[in-house]
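Submitted below is the structure of interest, expressed as structure tokens.
As written, the chains take the letters A, B, C and D, and residue 1 is the first residue of each chain.
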Amino acid sequence: MMSALAAVLAVTAVALTVQAAALVRSEWADPFVSTAPQRVPFLGGNEPATHAWSRFHVRYYPMTLVFVAFEMEMMFMYPWAVVFIEEGATALVEMGMFLTILGVGVVYAYKERVFSWQ
Amino acid sequence: MNEVEQLSAPLAIVVVAAVLVVGVYVSSVVDVVAFRSVAGQRLRPGSAALFPARVAHRLSRQQSVRTERPDMILRVLAPAALLGLAAAAVTVIPLSPGIVVADVGTGIVLFGAAEALAIVAIFFHGWSPNSPFALIAGYRFVAVALSYELLSMFVLIGAAIPAESLSIGAIVESQAGLWNVIRQPLGLPLFLIVSLGVTFSGPLDLLDSNDLAGGGSVEDSGMQRLAWQTARHAMRIAFAACAAAVFLGGWHGPVLPGGLWMALKTFAVIALLGFLDVFVARISAERFVRVAWGVLLPLAFLNLLIAGVGAL
Amino acid sequence: MIDVAFVVFSVAAVASGYGVFRVDSMIRATYLLLASFLNVGAILVLLLAEYLGVALLFMMTVEMIVMGLFMVMFMMNPAGLNPMNMVHQPRFAAAAGVVAAAGVAVVAVFADFPVAPVDAESATTRELGIELLGGSMLVFESIGVTLLATMVCSVILSSATGRFGDGYEGSVAPALEPGGDHRPADDLYDPDAAGGMDMDMDMGDMDHGEMDMGGMDMGGMDMGGMDMGGMDHGEMDMGGMDMGDMDHGGMERDS
Amino acid sequence: MTPVEVFVAAGADRWHDAQALRAHELVRLMPTPRHATVLLVAGTIPGSAREAFDRVHDQLPHPRAVVTWDEIVAGNDVVDAVASEIVGRADRVMADPSTSSPGRLADEEPNDWRGVGPFGQGGEGMMGGTPYGRAMAMTADDRDGLSLDRLELRLGPFLGQLPGGLVADVALQGEVIQSIEFACAGSAPFVTGDRAVPVARRLLWLSHALHVQGLDAFAVGAARLARRSARLDDDPGLARDFASLRRRMRWTGLRSALRSVGDRDGLDTWARWSAHLDAIAASLDGADSRPVSADGSMPITAAELAEMITGLTLTDAVTTIIGFDIDVPAMTTTAVET
């Protein structure tokens, strides 16, 4: 198990490093320098008055809260899936109950129009 | 179950690099072929085959424009991390009988973690240039991503039920008799929707989309753009390979050797994703979120029920 | 080999945790915290808790994505374009940190832990599943109810409009003063606020800083639910929540 | 050969014509100048848009070249002539990057910030000053009770997703448009009630609109039909090929993407698209013997359109604007040499 995970880590690190190195090298070796007008974010020709980074109004934030609560439950499902056949109907009923309870939450959120924000 | 021998780290790197280099190239060619055939343009095999190389050559000589006060660390990290995560996702997928780069016992959890971290990388891509269109696209993508994330977990868990294991190798073994695409018919379509979301293409092309002048990529030129496209195609490879392994029986198949079956099935999924990308119009993020929670999530529940009842 | 990995991951976890308070950008701070968690997850894997470790990567990633959205939404100067100090009450915080770390270290070194070595080949995920469906069934199901309550509460608290229209209609909170409006002062429409003077602006933003704490608590609650798996991250959560104070810290430095 | 990536900076008078380039195999119109090698200038660039034009020019990455549509002397087919000029110019500049078109605007920061303020980044306090040359956005109230930052942007006139020459002052909170004002008199008509539009222009509108909805491959098909309809008056296959394009469009999910976006008087964007498509089909079938036909889409003024899209997300606003084939009123008449 350890050697497998070590291989995952090694592969990830190498891919990440190679790509990052290519980008950094191109930044350094770039014969052209970006001028001030060139650096202006593209808006069709005009300049923005302010930086784009701002207190961005995330319209869907209630959805993210429901998501976090729902996603928590997924962590129980992985071990559940592994023992499902072993435990048989017990597993089906228990998870059914669990998901029904959470399903109520999603239905409630849907009814409260958490998933639309326009 | 077959005894799988763990590849050493250097060999693992070589194998994954080979898979990704070939895969990214093939996936880019598929894009060209899909575009030209749908657009009704002439399709010369030689020209299509050289297309990605020519584009790469041109972009590598183009200036990488810097925006005003970008977050340079995240700007470099975004494509790098996306490629790294695609590579990580590829490692847990069995490529042929007895050959999996890293036979991790919790394969689908690791795959899911890579998918979740990919959301971070993609968000960085929208955030880092400090540009309004890119910022909006990045935030919009997160709304979509959080919605498809649940679907992907559900369908992969459904596939783990008959295998009694979280390892993708075991999931492939469990399909010796019947593939999951038949046992759990809702799984593959839902997973394809997730794949379109992760590669922000087709109906879920909400990141680098034309309605925001290129969205997250609006400020990318030269190497930046090349690196981002490479990482995007690598993600497509990872998801296509996962779909092939988890739903299409992986290396199971008659006559041909297992590795070839796996490659063919992966290619089929790549081609399908490529054509969907060209052929399907973008829908708005809000609409997808509503559909994902209101329709697709119940379908994922149903898929789990089918998988569970079928396994009993 | 494992010892070396342990040291590397621990140092990386602590270093990125420290970085959270040293960077100016909320996004960098959020994802440095995530980096810290990823390293903790790797340490869990080294402890042969493979599923818990990998699941921690997964969970913390999505939590931090959501936290990042809120951080940028409610913090002044979210990208740290003007440098600021993220630390509130630095001396007290440093002292508290040292004491807490020393306490944990003392426990780690002197406590008499039960010795129960895990076999690397044992199927911990399977055992977890059996436990979940057997002995801990009641706990498991009540977590479902808790999560439902979390969902309903978060919808009630965060959704401004719903089926029944504006959230302020219908249920009217008591006024802060007799005869006053039930809404908090900064929710009343104030035409001067938009283009007002800097002073007004800062006051408004401070209020939001406090609101933000509310949002953070939410996150904390959720993490609490998750922590069933590994209580030891409680402190990290606190670290995340402390950032709610950084507006004030920044202002101190400005003045 | 890979297609040359082109960004079009078009005045309102040539913007539709320039869309015809989508039909050409060796040219690809890109949504942003950062992706382009060649900047194509088409039509009249008014004096008020000169600075914007210069900035878009500078935003192209090196090596870059400029091609001016109106300078090209063409025989029968101006689109082919423009395309071959683009390919030639791109080849030359790629072969010798030192001939890349130099910057047109002075290399000056928008605000002096270096060394200003306690940390030398130009800012003061938490939110004040101009850190790195720009101010920070400030808060404003919003309909849901939060007061978060408001981004005020002037979009256009050379934006890939909007008609050429259209300038809009937009205030955004999140991705939602809080207010929008088009930079022309509010009563200026974007679509007049009884206008007559040649079928080629309608097809060019369709090509651009498909591009915005993420259907670039279909946009190529529409642009090719537009070129054919402009070339020959009686091309018998044209009506059939358009019907086939329309049939294939039915499978793209466009209907569900456009339905109930931009509702007005019971008509949504999909209804407006359908009216356009019906009008094209009628002209091509010859059922409508006039060379041009009435619009099917309703008349609308700038102020009405602005009111319609206030409160929509930016995406839906763009979709709504594109749903009308609008005539952008000229901002000023002074032409500027490019």
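We adopt the following convention: a contact is a pair of C-beta atoms (placed from the backbone, for glycine too) under 8 Å apart; a residue touches a chain by one contact, two chains touch by 3 or more.
For clarity, every value in this text was computed on a predicted model and none was experimentally measured.
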- Query: What pair of chains has the most C-beta pairs in contact?
  - Reply: A-B
- Query: If you average the CA atoms of chain A and of chain D, how many Å lie between those two points?
  - Reply: 32
- Centroid spacing, where centroids are CA-atom means, of chain B and chain C in whole angstrom: 30
- Item | Separation of chain C from chain D, taking each centre as the mean of its C-alpha atoms, in whole Å | 43
- Task: Could you grab the centroid distance between chain A and chain B? Build each centroid from C-alpha atoms only and quote it in angstrom.
- Result: 14
- Message: Where in chain C do residues touch two or more of the other chains?
- Response: 50-51, 55, 58, 62, 66, 69, 73-74, 76, 79, 81, 125, 161
- Note on the structure: chain A touches at least 2 other chains through residues 1, 5, 31-32, 38, 40, 42-44, 48, 51-58, 64, 67, 70-71, 78, 80-83, 86, 91, 106, 109, 117-118
- Item | For chain B, residues contacting two or more additional chains | 63-65, 68-69, 104-106, 109-110, 127, 130, 132, 139, 146, 149, 166, 213, 218-219, 222, 286
- Message: So with touch defined the way it is at the top, what topology do the chains form here? Options are line, ring, star, complete, other.
- Response: complete
- Interfacial residue positions of chain B with respect to chain D in the complex: 34-36, 38-42, 47, 51, 54-55, 58, 61-65, 68-69, 132, 136, 139-140, 202-203, 205, 209-214, 217-222, 225, 278-287
- Message: Applying the document's contact rule, which stretches of chain C touch chain A when the two form their complex?
- Response: 2, 42, 45-46, 48, 50-51, 55, 58-59, 62-63, 66, 69-70, 72-76, 78-79, 81, 120, 123, 125-126, 128-130, 132-133, 137, 140-141, 143-145, 147-148, 150-152, 154-155, 158-159, 161-163, 218-219, 222, 225-226, 229
- So in the complex, which bits of chain C are touching chain D? 73-74, 76-77, 81-84, 160-161, 167-168, 186-187, 189-190, 193-195, 198, 201-202, 204-205, 208, 247, 250-251, 254
- Message: Under the definition above, what is the set of chain A residues touching chain C in their complex?
- Response: 1-2, 5, 9, 51, 53-58, 61-62, 64-73, 75-76, 78-83, 86-87, 90-91, 94, 97-98, 101-102, 104-106, 108-109, 111-114
- Query: Hey, which residues of chain C end up touching chain B in the complex?
  - Reply: 25, 27-28, 31, 34, 50-51, 54-55, 57-58, 61-62, 64-66, 68-69, 79, 81, 125
